[in-house]
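Note that chain A is present in both complexes that follow, paired respectively with chain B and with chain C.
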Partner chain A sequence: MVKNKPAYYKGIVIGGSAGSFSLVTKILSRIKPDFKYPIIICLHRLKHIRSGLLEGLNLKSNLSVVEPYDKLRLEGGKVYLAPSNYHLFIEFDSTVSLSTEEVLNHSRPSIDHTFFSAATSFREKMVGILLTGANKDGARGIKDVHNKNGFTIVQDPKTCDVDMMTKSALQLFNPDKVLSPEEIIDFLNSL
Partner chain B sequence: MGDITFKKYLEELKKHTPYNFCDYSDNSIQRRIEKILKDHDMDMNQLLLKTKTDDDFVEKLVDDITVNTTELFRNPETWEYLYTKVFPSLRKKKSINIWHAGCSTGQEVYSNLILFNELGLLDHTNVVATDINQKVIRGAKKGEYDLNFNNRYIEVFDSLMNKLGNKSSDFGKYFEMNNAKDTMKVKDFIVKKPKFRRHDLVEEEIPFYQKFDVIFCRNVLIYFNPELQLKIVRKFYDKLYDGGVLVLGTHEALHGFFKTKFIKHGMVYTKSNTFHFKYK
Partner chain C sequence: MAIAPTIHDIREITPVLSDKFKIDFSNYAFSFLRRRFAHIFNVLNVKSTKDFIEKIKSGELTEDFSYHFPVPDTEMFRDPSFWRYLRLKILPGLEEDKFSFWFPQLVSCEELFSLLVILKEEGVIDKAKVYCNVSSAKKLEEIKSGITDSKKIELNKQNFKRLELNHHFEDYFINEDGKVFIDKSLMTNVEFLKGNFFNEVPNTTVSFVIFRNRMIYYNAKLQVNAEEILAKYIHKGGYMAIGIKERISQANQSLFDEYEISEKIYKV
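Our next item is the complex of A and B:
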């Protein structure tokens, strides 16, 4: 099935585990400064390290990165990082809802939760990207993005440090694209 | 499941039970209900029928919908700020009133009281703690927690006491550890202090006549839509003394009108009695 490119995107959602931090940093340092859409990032955090991730990303990023407060409205050209110990959900009106409900796939934030809620709220007006990771979290979520006609990209397992996350996803469905990190950056800059 | 059916369900729930979840954040409440449908292997019509006819099921439903995550000394930096900057200023008061709204299983209530004891404030303090969920209230009253799961809080407690200069205080002063039963139980002199009761912030009037010096409401408002959040924060505002503080979760924020009525320091919001011309 060839998906029609929508006139605009309500959001780009990126998921990955703690190991994808350097890749996310690379993407944000190479993304064009006038990128138009909101980027929502859900990364697994190491339990005892509660801070530093945001500062690290902001140091290199071309776009400003925030850990959103509950009910914050998403804006184009900004990056929203799921805060430690909260699940991040996207509401129908493009605001963020946070939740401390039970861990999903041993994770809070859980990538599945963010993907599920974004898929429900954004439908075809989103891009979902799943990066390297050592956990199955994210696989079912990005499949749901696909089922609701969002555009899906899975990082090529050959380019992943740990490929469990991406391989789990590829077992579940065929994403629109399987890309290397360089290709993901080019893709985002072409939107 | 379409959006209409799910909204309709919440309206029916409101009509037939004491509970009103209509103004919870849409996406979040929908997901909670979908999970319940899945767990019970039901469709919407079956759920509705059960809701109308089975009171015990409704109580279980409330338990499933509401989120009861809590921790001892959650976000230690908040407690450090309260202990050093907020609580000492209460010393001059004859009696101190505290309300934990949405107290879940009581860990933060006891964290609060332990610090009050360290400061010598325990005796002239009245603590009330409420939650919509009957089951967690029962747990809170007991003050008994799973030792294995909570072991790491000993470290949090020690490091907090160290930072606060109370090196002599140890965890054993407040908790009875039972390795055989795998439990830790808050000691009686602390456990008997708070008055726990079931109360629904959304549907019921606030059941207290007194005003409060501190209201804790951590990670509760995040489940409500902005209109409902505003309504609840207004109640808190009215129930706080001037200069009283509202303590929220780390990533919660006040929006709209009340943003101007509190002075924010991290997650601690102090009620300001500044005259706001625009709103009077």
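Our next item is the complex of A and C:
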């Protein structure tokens, strides 16, 4: 089924694990500075290290990257990074809610949790992107985005440092696109 | 097989819970309610929303709900820098007769045991008084027994190391047949309050409220309400700590001054 492009997107959600930091850095350094939608990023990260990742992303990003506080409202053109040791959820009113609930897929933040909540809140007005990673977290979540008519992109496993996450997703459903990193950047800049 | 509650189910359940527990459950974050009810339906093997509601009304599930609904602490000494700050910067500045602490919503042992270790390490545990609200009778007995969660033991030890204390983990925690217990003498000055802090509070004001990562499950309205209650029970010059990704609501900025913002410690 070909999906109709919505008039606007409520959010772009990106998930990734091992190897995805450099790729996310590359995406944010090449994204157009006037990109108009919120980008929510959930990366697997060490629980006890609060700083470093955010600063690293901000060094090269064309958009401002923040670790959101609980109840923060999403704004277009900003990047929201799931904080260490918290799950990140999206509410119906486009605010962020954080949680210290049990780990999911050995992860907190869990990519599945972020995708599930974004899929429920944004429905067809979102793009979900799953990048390279070393476990299955994110696969069920991006399938849920697909089931709720969001637009889904899975990084081409041939271009992944570790392809377990993307292959797990591709075993569950057929995303709208399977793209290389360069193609993902081009896609985002075309929105 | 247990069912997952729908939005309609949640709207049916929340007024019943509100009536039973005297807290407005519709003021919890919606996505949290959806996940937590699904969790409860799963662990209690709930067959239907109607059945769940009837059992809440009759009181049959009151204790089980109180036990499973709140989110347990993730680990002991979560955010070690917070505990270091408390030990090195806050405790030395407290007046002799003001070593009083309050956990308005204690869901599991980790935050309490972390505080007790820090108080013992600083040699002030004998003059300290610690109040804790615990909603579940079963959870209260677990906490009183001093047992820790064996699944978290390695993480707890790693965090403990990051505190750079003078004593070893084993000086505070005892391994008995594979189960790890806190030295129960540390719990002498802990007073447990039944129920939630919206209905049950200490009979005095305290110096330090520890309420980390609890209001993230509330909506903005309930957060404002909670902050107002808590502020009333802190001495002038006392402190409140919330989670590092929480903020005091806009409405209550005048009640709390930022004190150590990186650890989210506020002064009243």
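The definition used in the following text is that the second predicted complex is superposed on the first by the 187 of 191 C-alpha atoms of A that agree within 3 Å, B and C clash if a C-alpha of one lies under 4 Å from a C-alpha of the other, contacts with A are read in each partner's own complex, and residues count from 1 in each chain.
Note that a contact is a pair of C-beta atoms (placed from the backbone, for glycine too) under 8 Å apart; a residue touches a chain by one contact, two chains touch by 3 or more.
Values in this document were obtained by computation on a predicted structure and should not be read as measured data.
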| item | value |
| --- | --- |
| When chain B and chain C are modelled together on chain A, clash or fit | clash |
| Contacts of A:67 with chain B and chain C, given as first, second, both or neither | both |
| Partner chain(s) touched by A:86 [first = chain B, second = chain C, both, neither] | both |
| Which superposed partner A:100 touches (first chain B, second chain C, both, neither) | both |
| Touching partner for A:163 - first (chain B), second (chain C), both, neither | neither |
| Which of chain B and chain C A:124 touches, first, second, both or neither | neither |
| Which superposed partner A:183 touches (first chain B, second chain C, both, neither) | neither |
| Footprint overlap on chain A, comparing chain B with chain C | 67-71, 83, 85-86, 89-92, 97-101, 117, 120-121 |
| Contact set on chain B toward chain A in their complex | 25-28, 30-32, 67, 69, 219, 221-223, 226, 229, 249-253, 255 |
| Complex interface listing, chain A residues touching chain B | 67-72, 83, 85-86, 89-92, 97-102, 113, 116-117, 120-121 |
| Of chain C, residues touching chain A in the complex | 29-32, 35, 71, 73-74, 78-81, 155, 158-159, 162, 213, 215-217, 220, 223, 243-247 |
| Touch list for chain A against partner chain C, complex | 47-48, 50, 67-71, 83, 85-86, 89-92, 97-101, 108, 117, 120-121 |
